[in-house]
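Two complexes, one shared chain (chain A), two partners (chain B, chain C).
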Partner chain A sequence: MASSVAQKRLFHEYKNLSTNPPEGITAGPVSEDDMFYWEALIEGPGGTPFEGGVFAAELKFPKDYPLSPPTMKFVGGGVWHPNVYPNGTVCISILHPPGDDPNHYEHASERWSPIQSVEKILISVMSMLAEPNDESPANVEAAKMWRERRAEYEQKVRDEVRKGLGL
Partner chain B sequence: MEQSFDLPDSTDWLGTPLSLLAPLESSLRCQVCKDFFDTPVITSCSHTFCSLCIRRCLSTEGKCPTCRSGDQELKLRRNWLVQEILEAFKNARESALTLAKKEAARIAAGDNGAPETVPKKRKVSQVDNTEATDIVQGSPQRVRTRSRSQMAQAQAQTDGQDRSRPSSFQEVIEDSQDEDFIPGSALVTQDQLQDQLKIQFRQSNRHSGMLNPTAIRGFKSNSSYSRLLQVQSRQPPISPSKPLDRLPAMNYSLLKDIQLRKKFRDLGIPDWGPRQLLQRRHTEWMNLWNANCDSTFPKTKKDLLRELDIWERTQGGFAPTQSSLMPTNTVMAKDFDAAQWSVNHETDFKRLIANARKKSDDQVRSTIPGAAQSSVSNTAGVDNSAQPASGVERSAPIEINSDSPAPGDISR
Partner chain C sequence: MQEDEPSLNIPSLLTLAVVSFFVLRWFFNRDEGSSAGGRPRGRGNVVDPAQVEQIAQMFPQLSTRDIMWDLQRNGGSVAATTERILTGRGLETPPPSFQPQIVLPSANAQPTQATRAAPASKGDGQDLISRYNLSGKIIADSNTEQAPTAASTSAWSQNKEERQRLLQKRRDEMILAARRKMVQKDQGKSQ
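And now, the complex of A and B:
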């Protein structure tokens, strides 16, 4: 199969991430036969209820990557967070293409651009775990709990983390 | 997949004594394709990309990927300096990297033999000198015997010009660890400086397309410079004998299918497929074609057609369908296919409907007196912890601090 721009670019990113990974982040294609399907592991940021957890996510890249952003979905469940849909799909502005903003709350400067990268997405997701954005929640229940019952939210997150680690 | 994992990359320098070259290499790579700039062009907002990459971005978004200010293809201009720096770097890359890796291996092997810090750069520059140009005839030793004041003088004289000098191979491999080595500039004698200026003058002429390449070959100078000039003159003249005509943008909405397909046949590109695919194919063809017009070494139409074919197989009409892989953000795309979407997300919709039903049932129940009471006590309990961060911080343990609300902050 002829290799496209997207594949080549993803190879570069893969190599970069494996040679020089940012702290707490591992990512790469599940199989080198399909560069458009990646798996990532993110450590829960320290000093947050997610601390100690390791969260697996899948990344799916469109064929016209990097013109369009990938999608990211936590797998194995257990990420109770205002910006993560109950099915695990991550909803943050860096994963949204610029152009029409259906939610009318994101600045264009925060959204996807071809110069963004997997690394930047994963770093953004890490910081999202630490600081939820409840302006346009993907998980309304989690957002309400985060806003109104913080202690309960944190306890639930910690429980999920423990469950995720098989404790 | 054929592609091997040893794709050259800026990270190749990491772990070698020349790891400081990684950021240099990284800045010679296009931020869109992560490859070395191919025909670098500069936008109105002064950002540099491959001609093809920025054309593809502009035809989808109309904005610069770096700063998101609007721009148009027509305003793109070649960035010659970047191209020259890049060529020089690419010439030096392999030998420098080989040496750096050897050195890294030697250090790893624990061979702490005598020449450790001093020679690594010198080795590199020797290789460069023999390979590329003999800008510097004098050995580094000779330079060091000069007095400091002389060096400073020479530097002052060259300072102004030096920054704009096209490609000094010496500087590319400069190692910041060695402080008393003054790159290039200190080595230039007054005579050489004169020649240098002439070359610069000629090069700037070349860029404006005025210089006849034979003039370069006829240019008399000392041996080292004529060698430099040979290197330069190996490049073909910048403006090809017959400049390639750029393809104009097409207003698709003004054309009927039949007319559009006829235009495709005139252009010599495949004319099959639905209208949307035709438009995307034409945009890609236009980008390929116009980027090729910028190129110093234009490809043949046959090559371009081959590239269009790769596009066809990876993103166009022959691209493998990926219904379930389709990203969710197609919601925002113009070509959103509602029917496909509802098929793909049927289970999600069903779940949402089920949830909604359950909730409305709950609400009905909570209006019944007995149930209402429990829900009130529930919310009362909630209110305690629902205080804004300031209230919570006093009563609750430290972790909450780090979680104080900072809306809008998550995704920089």
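And now, the complex of A and C:
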């Protein structure tokens, strides 16, 4: 029962994302046989060192989606960013369930709720790339570099972007 | 003859009225009885406070009593209640006789800290070109030397395989377009 609700909802979101895709975002299930496993491509936002890049991420949805949020993990080339773990897992408030706020700095409205969507997650991740939040870094090393040696950070990101495109 | 008809009709009408009064009264009493009290215990439909809490957290504007009523009626399915709220049907107001039998442990959100992913150091250093097998297309791309097909606007089909193909095409095009742009930028710089 619960998983058919999730499947219906995911299919609906897939359809919306395909017929009316937001700028710089492509997302959908890897195979429709498993609606709980998606892959997304996000363009690096303009005016940032991520500009011109394309980043692939996998989204894994729980069986009780949309009650619980999916997890999102960048795959392929690494994303050197304060809010992305070295293994690619994205750490932003919209991916945290409503009750889960160990640090007490996130507003409830920023966190996951069923009125959010895959599209909103991907747009949030896009703006996260542009504006890191270094209050709770997932990648301490990247956060430190971003804070103290910005030029080096930006160069590293640009290198990663090119590597991701096979250049 | 003339006085026979009315004298026959009045008693029969009276009887009918009395009988229907009792029938209706029995009917309504039974309904009230089943919705109040008797049902939750009888069918084991006790509302789980954790479920109520879960929904109340997502939709703080709703009264917990409405949530409990809906949960009790759909057999304790959080998903169904959420679906109902999200589709805009809203929750019904429970009848006054509905007395929820549980007390909410209000400030009791259990922290699920375990969801925070543990950092693993190794990334799979693979670029998108090899990931999606695009090297062949890059060569074809550079031969035609010009931006192919304008990005397909709406990519949806009733056919499952066709949808899959369209998604893959959009994905490939997005990567190839980014790569093309980057190469052009490099060429512009070196000239």
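Just so it is clear, the second predicted complex is superposed on the first by the 162 of 167 C-alpha atoms of A that agree within 3 Å, B and C clash if a C-alpha of one lies under 4 Å from a C-alpha of the other, contacts with A are read in each partner's own complex, and residues count from 1 in each chain.
As a convention for this text, contacts are C-beta pairs under 8 Å (C-beta built on N, C-alpha and C of every residue); 3 or more make two chains touch, one makes a residue touch a chain.
Small disclaimer: the values here were computed from a predicted structure and weren't measured.
Visitor: Once chain A from each complex is brought into register, does chain C clash with chain B or fit beside it?
Guide: Aligned on chain A, chain C clashes with chain B.
Visitor: Touching A:I115, do we find chain B (first), chain C (second), both, or neither?
Guide: A:I115 contacts both chain B and chain C.
Visitor: Does chain B (first) or chain C (second) touch A:G166, or do both, or does neither?
Guide: second
Visitor: Please work out whether A:E43 is in contact with chain B alone, chain C alone, both, or neither, and reply first, second, both or neither.
Guide: In the superposed model, A:E43 contacts chain C only, not chain B.
Visitor: Quick one: name whichever of chain B and chain C touches more residues of chain A.
Guide: B
Visitor: Quick check for you: in the superposed arrangement, does A:E148 touch first (chain B), second (chain C), both or neither?
Guide: Only chain B is touched by A:E148; chain C is not.
Visitor: With both complexes overlaid on chain A, does A:P98 touch chain B (first), chain C (second), both or neither?
Guide: both
Visitor: In the superposed model, where does chain B crash into chain C, at 45-53, 81-89, 189-197 or 225-233?
Guide: 45-53
Visitor: Enumerate the residues of chain A that count as touching chain B in its complex and touching chain C in the other.
Guide: 1-2, 5-6, 15, 19-20, 32, 64, 66-67, 71, 87, 89, 96-100, 102, 113-115
Visitor: What part of chain A is in contact with chain B in the complex they form?
Guide: On the chain A side, the touching residues are 1-9, 11-13, 15-16, 19-20, 32-33, 35-37, 47-49, 60, 62-64, 66-71, 83, 87, 89, 92-102, 105, 108-110, 113-115, 124, 127-128, 130-135, 147-152, 154.
Visitor: Please give the residue numbers of chain B that touch chain A in the complex, ascending.
Guide: Contacts found on chain B: 1-3, 5, 7, 9-11, 14, 31-35, 53, 56-57, 60-61, 63, 65-66, 68, 309-311, 313-315, 319, 322, 325-329, 331-333, 348, 382-383, 385-386, 392, 396, 399-400, 402-403, 405-412.
Visitor: Per the contact definition, I'd like the list of chain A residues that touch chain C in the complex.
Guide: Going through chain A, the ones touching chain C are 1-2, 5-6, 15, 18-21, 26, 28, 31-32, 39, 41, 43, 52-54, 56, 64, 66-67, 71, 75-78, 85-89, 91, 96-100, 102, 113-115, 138-139, 161-167.
Visitor: Could you list, by residue number, the parts of chain C that touch chain A in their complex?
Guide: 54, 57-58, 77-80, 82-83, 86, 109-113, 115-117, 119-131, 134-135, 138, 154-156, 160, 163-164, 166-167, 170-171, 174-175, 178-179, 181-183, 185-186
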